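Heads up, there are several structures right after this.
Below, chain A partners chain B and then partners chain C, in two separate complexes.
Then we have the complex of A and B:
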């Protein structure tokens, strides 16, 4: 990574830490400037859902002490930031002695795994099809078929998830409806378990791929069309280069660069979409953790899990940004 | 775009020249006033789809009792007309699209819910757009420190997964109104218009017509809003639609998790209740399917509008699609 200048690195790291700091501050600030005190609101909700809550004032006082809500606000804020830096989210309120980090730790591998698979497929497939759409040598038929496949583009992944679950799990029974592996199976590194994981992961991954690959196709097509008008394309053709070589080395190589930047920008939306898909499929990732916590009014888990997803996203963006100079050598000469 | 300049007197030599060319018919193809890039098929189809959904929402209240969208106003679990539910009940014309678990009429839910979802998107996008225009122009035009700060802030905000922040905030709030939710979503709707406008302003700042206007002594304000802004129109419109889509998406996400407004019927809220009520396992497809379908059509309409606007902004795409 010798190409990265100090200024570039510093700016990327600033963005990374600012992202985390601003998110953390928003999460902390807005509920506090909103009318009403959050803890009483939670107890009020519990009362609504479960009838009478015994000793509710004791609970309120206990939680207030636990969160240090009787201290002055700046002190609370600093302590909150301190905990967040150490990634210490305390204990789950609903499953009391379990630390929030343990719950997150169990869910995280599933989320990261599904995310990597889904995004890789989406990105490669979308860009490949987009390149085909714009390439002159592509057969006409393919140019008509690809847009048909993009019918799901732009609808939220959660809606696609519902549709897929109904058709392929409920009606056809090809795939399981919920979970990340067959119930009763012990996680182990053998063929049977891996097969089960793949079978359970197909529909969740598909609901993400189906709705988002079209964006990459459209973006890639737009970039390819722009590259097509460049002078070096005429030169390459005039030299009589192999059309496949021109496609790959001249067109795709240049058109893919803004797509990588776009990946960093849309990652937040992709992650949010996946969290919802996980919830629909009861996939054992962060989405299910967050939904269960919302249902249990388990505020520490909601906060911890959501914040972890934010950190995960910011980290992925940072990684993409650091890889970027390697595929686009021009970037390090940017400014200064 | 020429029409935007007819309402103020012609001042600059550049505009004089433009007015001159506008009077002369240019090419045969442009004689027809309907032959503008704004009338492309994608844009029209998209506008018609969104228009129909809104029309059903507005006119529907005249023909259908909107109160049926609330709990216990109708019999439970009826299927749509022409179908039979698992308990052998047939659909009736009193509830043509069926009813759900707690006695809400599906047709009324769609009539009330669809405009609600759309409204959240439009409010959030409008706020985001207004902030974006101000910040984008400031960054692109003033440059220097202002640009650095705005650019950094928008780079940061654009990578935050908004839904995660909103989940934490709304999990803590007691009750949430539709407009409060829209404003919270708007917190994350400003970075993309800001970036877009900044980029366009930077590239247009050095272009001939802006230099010409500067030479003619036009004020910065005039250059920004009378010269550059009209040229940004297709970009702004596309960005607005993109933001609306994003905001509706965030709202649906929150509603589906059960964090949306509880007092007004929403499409996402209907899906939440359907999932909670095991609608999939009970084969009550109309319960989750109708809001899903309505939203899907709405999103496809928005996408078509966006693609149509892209073709206006980028003429190369226009040629490629023909």
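Then we have the complex of A and C:
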């Protein structure tokens, strides 16, 4: 019948939390096996800033005790998990009294917003063009033009971003080069602010769309060609239905299903691609936060931001997985 | 006999229809000049081995030949009007109202993402316009009942149905608009024997109730014998014999028809499967002369040069074979028998 059963939901949620738990563990583990540690890094930074720090050994020991770094590892790990459950990542080391959550809280909505817009446009546009490429009734001219639009597909998003900045921000000055909204503007829900957000978001979104829509176009064309050869297409034509109806109800409707699966699979890559783009545009999202933190060796922020990016990705995949049975009636999830 | 045939009115005339598939190594002559009439209310069987062009002929009649295939010539006249060269929107308006199809491989002929009711509904709406939902529902339920399906099928998706049920959904769909002609392309060949009988009976029942003309494609000679009025035997893109079913079974004239009928398995006597020597020719490059010459046990010199024309050896029984010749007085003679070398 399609639709989601309770058992499926429970299983899928288990996988979701398992993913997050494993990634959280890795995030905790990696800094502990990697050379260098946050506190020496911080003292080193203070040394750089102040020239000399008195009693640095004492300070290091004091902090180690304060952060519980002298406790046995399992105790540290459990305490860490406890903090994560409460979404408490402590304080930024680079901007000390600022809590990590505050930094992430400021950045996350921007990333989610950009991600939603960029992926939605990419997916819809890519699949729409792919469907047109494969459809018999599409005018020739369109079939010649679409591949031209796909030249960006083979280049990395960073290059596309730089190209867009050069042409549309530097040369033509149509769009601002960096930022999420005009400097000095107060975030508010009014036309002026929204306009500014759209203006600042266009180039970042465009560089994501440009490099990835071709992927969907090619995939969709392939799927459409496969569907075209299915027996039910033959019957649909024999029935004398309206060609547009056949296009969306018989062809696109079936061809899109593997594309949705592909979307779930590639979401991780899309998110990490966006992280780079955000950094280039100094877009105040998670990407910029992560890069700044890495440069500052701001371990707590790196930890928190990575964790949220992982949760964001896992959540998107979860949502797609929950939607999928509703669009493909053949999937029922009633095994076991 | 001749008179009654004349009195009957042909709804479909196929004249010298040619459908070729373009391949890098030349055209495959899948259907190469077939001729037949389909009379009102009649069921015509189209038999022949796999790959002889039966489905291609059906697509040629339905104007559904898609590349790399093309209609290379001939004429398809539906109630006197030519279908060839009609623009697609004109064709669309007569599709399913005049010409319905029960497709080969009904297993995959239903859209997996649409409920059964929606797939029957869309063809009704496409040709009759929007209707009250309740009326359409009643109508579809009635169609399902006609083919012996329970009402719960209405809300089901194709994957929830068995092969036989899908097949019957296709039959229900085919009769939804009371078409003039139904082409059933091996409507039963993918089913087990029991379900095959049930579906065949459903088909027969529906046919009798509606009085439609039908072209039944298949290779099950036993089933054909029970279902059809006339049989056309096809070999390598050509119709080699066409005859009333009783005549063809009692007295098949073309060597290929004889072979087909001999090969019907029988429980009463076990006979060795007869495999004719020689191979089928390359469909891209048929030999000059008769199409069956490579496998024909009676092949003569003439067969390798001249293609045999259709000859009415008996009223209603037309054979394309050099074995039969018309005497000056109009009587038929079997050349092979006359020469005494059968």
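The rule is short, and it goes like this: the second predicted complex is superposed on the first by the 294 of 336 C-alpha atoms of A that agree within 3 Å, B and C clash if a C-alpha of one lies under 4 Å from a C-alpha of the other, contacts with A are read in each partner's own complex, and residues count from 1 in each chain.
Following the convention adopted for this analysis, a contact is a pair of C-beta atoms (placed from the backbone, for glycine too) under 8 Å apart; a residue touches a chain by one contact, two chains touch by 3 or more.
A quick note: this is a predicted structure, and the numbers were derived from the prediction, not measured.
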Practice task
Determine, under the contact definition given at the top, whether A:115 touches first (chain B), second (chain C), both, or neither.
Solution key: neither
Handout entry: Contact breadth on chain A, by residue count: chain C or chain B
Key = B
Practice task
Considering only the touch criterion stated at the top, classify A:306 as touching first (chain B), second (chain C), both, or neither.
Solution key: first
Handout entry: First (chain B), second (chain C), both or neither touched by A:328
Key = second
Practice task
Please work out whether A:279 is in contact with chain B alone, chain C alone, both, or neither, and reply first, second, both or neither.
Solution key: first
Exercise for the section: Return first, second, both or neither, reflecting whether A:230 touches chain B, chain C, both chains, or no partner chain. Expected result: second
Exercise for the section: Quick one: classify A:238 as touching chain B (first), chain C (second), both or neither. Expected result: second
Practice task
Using the touch definition from the top, say if A:205 reaches chain B (first), chain C (second), both or neither.
Solution key: neither
Exercise for the section: With the two complexes superposed on chain A, say which partner A:253 touches: chain B (first), chain C (second), both, or neither. Expected result: second
Practice task
Pick out the shared contact residues on chain A: the ones touching chain B in one complex and chain C in the other.
Solution key: none
Exercise for the section: Using the touch definition up top, name the residues of chain B that touch chain A in the complex. Expected result: 152, 155-165, 167-169, 171-174, 184, 187, 245-246, 249-250, 252-253, 256-259, 271, 275, 280-281, 283, 285, 288-289, 292, 295-296, 299-300, 302-303, 307, 310, 314, 316-317, 320
Completion exercise
Within the complex, chain B is touched by chain A residues 11, 14-15, 18-19, 22-23, 26-27, 30-31, 34, 36, 38, 41-42, 44-45, 134, 151, 153-156, 158-159, 162-163, 165-166, 170, 177, 218, 221-222, 225-226, 228-229, 264-265, 267-269, 271-273, 275-276, 279-280, 290-291, 294-295, 299, 302-303, 306-307, 309-310, 313-314, 317
Practice task
Using the touch definition up top, name the residues of chain C that touch chain A in the complex.
Solution key: 62, 64, 91-97, 99-101, 103-115, 122-123, 126-127, 157, 159-160, 170, 173
Problem - In the complex, chain A residues that touch chain C - result: 1-2, 230-232, 234-242, 245, 249-250, 253-254, 257, 327-330
